[in-house]
Amino acid sequence: MSIGILTSGGDCPGLNAVIRGAVIKGDRIHQVSFLGIRDGWRGLVEDDIVPLPRHDVRGISRAGGTILGTSRTNPFEHGGIERVREVMAARGMTGLIAIGGEGTLTAARRLADGGIPVVGVPKTIDNDLSATDYTFGFDTAVSIATESIDRLRTTAESHHRCMVVEVMGRHVGWIALHAGIAAGAHAILIPEVEVSIEQICGWVENARDRRRAPVIVVAEGFVPSGEEHLHAPRGLDAFGRPRLGGIGERLAPQIEAITGIETRAATLGHLQRGGVPSAYDRVLATRFGTAAVDAVVEKRWGTMVSLIGTDIELVDLHSATTVLKTVPLERWDEAAILFG
Amino acid sequence: MSIGILTSGGDCPGLNAVIRGAVIKGDRIHQVSFLGIRDGWRGLVEDDIVPLPRHDVRGISRAGGTILGTSRTNPFEHGGIERVREVMAARGMTGLIAIGGEGTLTAARRLADGGIPVVGVPKTIDNDLSATDYTFGFDTAVSIATESIDRLRTTAESHHRCMVVEVMGRHVGWIALHAGIAAGAHAILIPEVEVSIEQICGWVENARDRRRAPVIVVAEGFVPSGEEHLHAPRGLDAFGRPRLGGIGERLAPQIEAITGIETRAATLGHLQRGGVPSAYDRVLATRFGTAAVDAVVEKRWGTMVSLIGTDIELVDLHSATTVLKTVPLERWDEAAILFG
Amino acid sequence: MSIGILTSGGDCPGLNAVIRGAVIKGDRIHQVSFLGIRDGWRGLVEDDIVPLPRHDVRGISRAGGTILGTSRTNPFEHGGIERVREVMAARGMTGLIAIGGEGTLTAARRLADGGIPVVGVPKTIDNDLSATDYTFGFDTAVSIATESIDRLRTTAESHHRCMVVEVMGRHVGWIALHAGIAAGAHAILIPEVEVSIEQICGWVENARDRRRAPVIVVAEGFVPSGEEHLHAPRGLDAFGRPRLGGIGERLAPQIEAITGIETRAATLGHLQRGGVPSAYDRVLATRFGTAAVDAVVEKRWGTMVSLIGTDIELVDLHSATTVLKTVPLERWDEAAILFG
Amino acid sequence: MSIGILTSGGDCPGLNAVIRGAVIKGDRIHQVSFLGIRDGWRGLVEDDIVPLPRHDVRGISRAGGTILGTSRTNPFEHGGIERVREVMAARGMTGLIAIGGEGTLTAARRLADGGIPVVGVPKTIDNDLSATDYTFGFDTAVSIATESIDRLRTTAESHHRCMVVEVMGRHVGWIALHAGIAAGAHAILIPEVEVSIEQICGWVENARDRRRAPVIVVAEGFVPSGEEHLHAPRGLDAFGRPRLGGIGERLAPQIEAITGIETRAATLGHLQRGGVPSAYDRVLATRFGTAAVDAVVEKRWGTMVSLIGTDIELVDLHSATTVLKTVPLERWDEAAILFG
């Protein structure tokens, strides 16, 4: 029996621990071997596949990124179910583990609906997948963002500045919420909650009045209420293409203009998704990996591994891919008590 | 209205974030002020109490330890309910937040049973409290242990040695389990599971045969099966008092003698409980702090804040203090697949 | 006897360790007291000065930034020598320790030339001051940049991308050189060395051909040869003011266009100057602080503390402020062997 | 032309960066190939040698330990010069790079004196080699020790304890000196300086009187004056062999007995020598590696690469191996000002 495994979409700390967990448990308990599919769905539809013996996963759970490579290829634009079935048959692949986010899991669900034997592993640095309490990658991202804000704060305090820190989160504000609470931010701005520039400046002034250097954490997808037009292009890049300024860089001059407090923006960007995974993420990813190979062996096609409380459970891929898990207003309210 | 707050028992990363969360929410939302009780129950029975204005909790969630100090004083040995009631009345304290582990919460429960208006916040670096999925401190401890094992492994590999790393956990093996999984240990030894020295050596030889430097993670409370007598004193300390060697230092020479592999022990000790809390612990501790002051205002005496899934809930102090939360065998089995 | 102390210019990890070292040695050995001047020269010319007892410097060497605050005020635009003499006399200040970079030390030198009793402590995160082998802050900046590149590399490798990482260094490339060597960059671009976009792309393709994800480290002051016009404004900011794109963001699309390799830019920015100082910087800064107070007591006006090999020596402020310490071509050549 | 390379003695962060620097520069500039000698001198006298192509050193400068393995084998006990010459001839090895500490470099010197074409690279985590300002590994060790002391301090403060932290340094106190300064220790105890237990307790009480938790940093080779007998065995280990208690564990109960302050000991041990090297060590090690291959190509047999100020120079192996570089008294005096 041979199982294919792929990682798809943006990279995320913990992917390698999932791979390692699945391969070792498959080798030891179920006597199954693994085939490594390179660069996500691309490798599957292009038949770019290599054996993945246990030896090759040695020690990888400490490494960031994914040893299999990743891409954003959509299998349904490259032959779809028929092509996937063909390659799997040619390779003698009797099951497939697809590790990825909303897009990947939606593709996996459609493949499963079409009869492809596939099991999903949820991956989202943004924590935006419903049907699982958390996924790996999120804890590392929050840790890096928190450490970065701790660092930026000392400069802000020395110079009596306001600092606006932009973290990941196009559609949901989980990273901003957790990093903002952990770092003691004076405001946390997320896509889910409407806040005006005036209200932001109120928190900034409040912090300043208590002799603090105001620190604002903003998710990249936040838009101040009444200023949706700010999404319009800001200037041109080196090739004359219109560019969108990040929300952090757009907010900083507005805050400075209104409050008179010197304000700087910092954008953490890719730093949040790379490097050594946190212990939390390694444990969760390892558990996901071993549970996924069990699901394959038990032919639980169309399911996804999931963290519920402290347990790993199998849930239907449909339940995981239909609703975006946004920050509930009460969680933001709970945090907002500490603002300003 | 004035609320007393104390931290008791061993220190733990996140204590300050609980204090900060409670004080700020109390100040802003409930208009209550706080009294800081110094060194746990000692400060309460000795009336060593200071005002704790909001200004004093500024920026403390990033700091390890506790700004209030701590001790292992048991209030029932120093006047008990009568003395506590007397001091609280003299100070105008209408409620009490007690942050601590099993001992502290048991005292809090007895006080509550006796009519003292007290709310508990669970603190255990060992993760051994039932009635809450996790508490703050555990994640930081696991992170530090994991990083340390990552470091120790490179030396073991360069010298072709076996490394035995002793982590905290006198009664339960949660830190060993999580750090061992995260660091890819070749064996995880915990108090809950019987393992013989022969079995340990089997894993060590297995790893060696695959050209790995064997890494064993052992909780301090582990005893090899059939060797309970090893708890007998080992030598004398500088003052002639009998001393107990740690389990790591006891195992290392045995493994070396049986397997012939050079073996060293490292004991992480207090490193695991100090320093900057992880982002995870700061978030959880902050949420516990704000929830605790709500519970006080709502007069939910005799309850404890608790993490259930991703929610903060109130549970009865009785439920929290009667059963030790040990590692279930299936969790260890799940990890043991990766051993050797 | 009372000594004034100020920190001026951009903040830098280690400033607090200088202050602590000077204050404690002054208190214990020389029986001198300190006055803390707030926000650099601003506090001196505006007489914003507070007592700085030993108690206030407790434990601060671990903290980033400066407890005294800082600014970019130039004393010669606010009363100059006369005003400085006046405030010092009024405060009974018999000596002054000025901690800062090229601008600060030039001002200190002019004040010393005019008879003001001042001693300098060199501070430059960029390592651009001659007359000292290193200063504090540089090691922390290099450490953070190196860790960040380590993180970014895993994402680049997973996605088969080229990553351009922009680090500090407007006029000199020391941070880029050291972080680039430490992180194993495939090219290091610094203001001191002319390199064309074609040569950069050659290194990128070379790395790609060996199946590596190319990593380019660029100092913010680098300009590709033949493309000086790129310094022209790029687009407008949120207030319609012209903005300069960073060199990293300008290089990335050019590399992608020429090589066909997907390329992303990351700008580390203020992250490099904040937060907990490295052990190296704390030791050096502490030694600078204790040496500076000795110099004041010995009335060595117009000198600056300096690291020569492993010794702390006093050098003339003139020697420190006339030549920018650039990266010698042979140091870059030595590193360039490892490019591509 | 083929060059042998080996790492010998205790492992040390930066060894891999030396190897990588030498191999890449050899390949690119000098067109020489490398042979990797396994486990130090053992691999040489036992002819356990493998090709070391450039591909094998990819990305290793970030990894702790040594990819070549190490041992404490002395070549003069296994055939000496004749055997070394024989194996080198059989392998076509025209030069040798030996990376190691005092023992390794002494062996290298004797081999060079006997006509073996060898160049040395100094490695000492303890910083005890004369003829070089610093070597790689020391900075990482100091960094880890400093971070650890930062962590331990918070526990000490919360519990109002004294903490004794034992760091590496059997013969010299450099790690203790630097980590002690960086972490703000209240006493630094090193083998080079006589200090009595009474004096130590004086510093401890001093710190306590100023409401600090006393932190003592002690090098493992320190002996309190008048108590040399303390080196006598302390108890028995698990096999009945006499064991020496560490100095930290011996001091703690004495300090507690004399001062009445609860005192704990922590021994950092192997943690200090493993794991990811600091940026400083990676840069220095890379420079050493590239300079060593140059020295081989220029047939500078019997020399060693060395850091003088900021330059890499070649020095005679004799000069490097005759004098132990101890901490000068004035450096300890400089630090002692901040004690207590």
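To keep things simple, chains are lettered A, B, C and D as they appear, and every chain counts its residues starting from 1.
The rule is short, and it goes like this: a residue touches a chain if its C-beta (ideal position, glycine included) is under 8 Å from a C-beta of that chain, and two chains touch if they have at least 3 such contacts.
Bear in mind the structure is a predicted one, so any value in this text is a computation, not a measurement.
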item	value
Fewest hops from chain B to chain C - one hop per pair of touching chains	2
Centroid comparison with chain D (C-alpha atoms), farthest chain	A
Length of the line joining the C-alpha centres of chain A and chain D, rounded to whole Å	41
Chain B-chain D separation of Cα centroids, rounded to whole Å	34
Whole-Å gap between the CA centroids of chain C and chain D	30
Sequence positions of chain B contacting 2 or more other chains	147, 150
Residue ranges of chain D touching chain C (in the complex, touch as defined)	20-21, 24-25, 28-29, 55, 58-59, 61-62, 133-134, 139, 142-143, 145-147, 150, 178-179, 181-184, 210, 212, 278-280, 282-283, 286-287, 290, 308-310, 334, 337-338
Chain D partner contacts - residues on chain B that touch it in the complex	7, 11, 15, 39, 63-66, 69-71, 144, 147-148, 150-155, 157-160, 163, 230, 234-239, 243, 245, 249-250, 253-254, 257, 264, 266-267, 269-271, 273-276
